[in-house]
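In what comes next, chain A is part of two complexes: it sits with chain B in the first one and with chain C in the second one.
What follows is the complex of A and B.
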């Protein structure tokens, strides 16, 4: 019989096990405390905007600032409608963001599919140029952008805000990378043998498989378009075509800016983003973490 | 069902030629296996027949119609992929019915046909599952269901069993054979496993480096291999090759091994030149008495019991031979033994340079 005990029992030395965690509760407490602080810091601006929306201008400027819910909500709402056509402006923002998002998801995915599924001359060069274009700061393109929009006769239209961005390098890159990870060539071949047309393969086989990437792009585009200030500023001139960012900025220049009303408008303008995020977040997380576990 | 004909088919990827002037006819209802080592061009050939890859030259003829320019759909072929290539977001039923649905078949009919196909393959209980919830064998069946549901002119199989374990592989092999006997659709089956090819196919095509080495029934290939490559590729364990010199004395031709053993062989081989290779199948070699006919002396190097038979490695004339011993004789290592083989079972090939 073989045994691993080669030393006399009294000669064996007991090595004490290293204690890996002396105060497990303390570690847990610290983690929680850290997360709570992080949460408070993140949520404070939102809560502050919501609180201020219920106060008058005088209360807002009082010292110390009011940390309670005020009773000026109705007045602020009436004032908001006085200084800007709030609901029209909100609708404008919504239209621009939704149209741009839907367009971007559709066109970026089609373009990405082109780069993913087909082999053509100069494919890598075109893709490289496209990626390189992401490195140019957007501000540098403002004047050419304005001139192009003017040339196309799109000045003072919403089209000028959302149309140019529907095929963008970031979206195409994101979706193509996701396709490369999650769709096998055999799948496309199988669909071809099954008799699917090129568009059918894209629509029925590829699109359902890249939903997480589409959701990621959708939320990024929606937030980008919703928060976009610079493009509306240079292309829009009629107040009835203003989007939220522009309208809220324009009333800040009024004498005695009605800060309560502006805060209410700002708070209301955040709600669609929150809803969009809740709607897409699960899909988006899946999209952002994909590849982390896949081979 | 269709007759598939390949005429002078070649394929190059850039400067690399992977298929060289292939000519092959697959008769209506026939089951043909393309077999060869990896990189021999067999999968490329299948993809060309399917229409997924273009031939560089030559013609693909189906039922007397040149189909080179037709899409996979227009060729009306079905293909089973090595990776199964099931649509991950669709249920089994949707996977099977996808090709019917996109060709405009009514929903109710798609359902009926998909269910009928599923029943043939024993998938009825799994119709609502997604591919990720299926085992390898079940996925393989779904892939076959997708192929049979539309009643194609030809089935193409691209190494469909190579991802399965040994037991499941032999079960699925039987199933494919049964399926073919039932539907009698022209089938072309690509594999690198010669056992799979031999057991399934009516005829086997052996490919090497994009060139057809031999076409024949499994028994033709086994009994009369055209060259040493085919001889070595077909049969398990693989054929033994021994260097020998042909000698003629009177009207009798002998093959002399390096140790001086002389084996009488057919006169038909006399023209192959003095330096040759003998091909001896392990199952044709038997342990024998020293004075037996064609006795070859050797020493036991290794004994591998497999249960039903023992595989012996015997050193003969400086080379190692594999022998299948069905007598299960208990042999000591380094024991001196004698092997014998019938003269008509000795294959002779020109010596490879």
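What follows is the complex of A and C.
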């Protein structure tokens, strides 16, 4: 059991175990039937994209539709590499996501520590501005953001995608809240008495204690950056710098688009997160709904 | 600092006088420590200040300034020209602007409300009537669409919706031939091919379905967490008082999850009003689809800024959009906020 769990321990105990009595047998059957229909609706597009990845364009749109595994997988793969430098693009996505995640974990925790451990003039003002900035819809700054990026000479670089997120308000707030809960002032004072430098207190005393919050932030950042589409769309222009979302979208409107190949690319682009979710579903769900439950 | 070998005091950070007298040196040292003490917190929060100023604060201010200018960024900074409220007047005059705001509101409502109407009962059933292990399995599966990129999902639905023998249309035809369904689905065969993404009437519902499909699972997880906080004693007490299953849900469980509902609805409103990727991909980035009926406000903003290169007008539009979002959110906070937050504060 990790500490990332969304429920407080004492609440978890109160999960009603035997509520079946108020739902008679028929009701229970109906409940499960209902859930299973929901599952099928949820899963179908994923199963469908996996199937389509093995079919040619003509087979995908044939009648009756193909509900079996096709034999066009290799051809689709070759076609996919023709329409986009798939592995370069995948690597780009990975680089953007990893760089942004590592940066965010490092710098958000640093800033959060600054807000948590010190009292200084202007702290409340800056913290207030930070909270307020979370309410501003990102669309509002989109155009000047683009111009800023252009002015800094960062157009068509990956830096422009991940750099703006490394000290984001959400991450700082999340980690500061966690510090408030889990780190006592006495501990910091004790470390100071022992003669540890300010940065060393942060690095060797505080960081190890807030690992769960760092994991939460890392999950949120990685998923957000991996799936990001709008920033790459306005920033990137050369196809070999594209990230997955942008590359897939750009081959959509090709004349005679090879849909089998596109579906293969789409499927492969979803695969890393799906596999991660298979193993870490609890942590990922807890992380992505962290704001809601703690809010 | 450049240190030359001929400069003996250069090694000392306090300058020549600190090395001369002992008391002074101590005072200098103390001053330096005080400086470090004031500076340390600022060093810790400096990443935020730098990134925030460059990528958020400056763009916001500049966007306000830009909205009163006419400017094509390709022509360089010097081509900027003050035009007063012209950009706003132009934006408010543009029928596409109003169409996009209408579409945004339509999509926000039609794709927003069902998410919660489905998620609340499903979460309640999962928490009260399903064993914990099985519940984990169900919620995790429902959550999968949320972690998948919107572009990938929209591409998949793009093929599913395809008018020319896409899987959805083929299913509709197949189902309409079944004995029971044929009586009221008889029209389906004649209506084929149904162009889900290429007709102005159907594109919005098609987009809305994708949004509902993607975000309902997220809401189920939030509401499940909410229902889990309702203690079993409350239900037991209600049962003793003679509440039936429906009353337990309506009078006990629902009021208890108000804070969760408030949060989930806020997220839906803010997210839906900025909807961009689903309509963009489902209309293959083609000016909002047939008759611009898939054009949302963010999409319109993108067209004006990046396709037509009217940065000033686009900045004005983003402020109009901001006002729109702010008003809707404020109304939501006003009517639901007190009750929503009343639960835990």
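To be clear about the criterion, the second predicted complex is superposed on the first by the 229 of 295 C-alpha atoms of A that agree within 3 Å, B and C clash if a C-alpha of one lies under 4 Å from a C-alpha of the other, contacts with A are read in each partner's own complex, and residues count from 1 in each chain.
Basically, a residue touches a chain if its C-beta (ideal position, glycine included) is under 8 Å from a C-beta of that chain, and two chains touch if they have at least 3 such contacts.
Quantities reported herein were computed from a predicted structural model and do not represent experimental measurements.
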In the overlaid three-chain picture, which partner chain does A:200 touch, first (chain B) or second (chain C), both, or neither? first
Check the residue A:146 against both partner chains and state whether it touches chain B (first), chain C (second), both, or neither. second
Could you tell me if A:209 is touching chain B, chain C, both of them or neither one (first, second, both, neither)? first
Residues of chain A touched by chain B versus by chain C: which partner has the larger set? C
Kindly classify A:187 by the partners it touches after superposition: chain B alone (first), chain C alone (second), both, or neither? first
Considering only touches as defined above, state whether A:58 meets chain B (first), chain C (second), both or neither. neither
Kindly list the residues of chain A that each of chain B and chain C touches, one partner per complex. none
Under the definition above, what is the set of chain A residues touching chain C in their complex? 6-7, 11-12, 14-17, 19-20, 22-23, 27-28, 31-32, 34-35, 38-39, 41-43, 45-46, 48-49, 52, 60-65, 107, 110-111, 113-115, 117-118, 120, 123, 126, 129-130, 133, 136-148, 150, 152, 163-164, 166-169, 172, 198, 202, 223, 226-227, 229-230, 233-234, 244-246, 248-249, 252-253, 259, 262-263, 266, 269-270, 273-274, 277, 281-282, 284-285, 288-289, 291-293, 295
Which positions of chain A touch chain B when the two form their complex? 184, 186-187, 189-196, 200, 204-205, 208-209
Which chain B residues qualify as touching chain A in the complex? 47, 50-52, 71-73, 77-79, 81-83, 85-89, 98-99, 102-103, 146
Taking the complex as given, what residues does chain C use to touch chain A? 38, 40-45, 47-52, 54-60, 62-63, 66, 73, 122, 125-132, 136, 138-153, 155-160, 162, 164-167, 170, 174, 213, 217-218, 221-222, 225, 228-229, 231-233, 235, 239, 245, 248, 259-260, 263-264, 267, 270, 273-274, 276-277, 280-281, 284-286, 297-298, 301-302, 305-306, 311, 314-315, 318-319, 321-322, 325
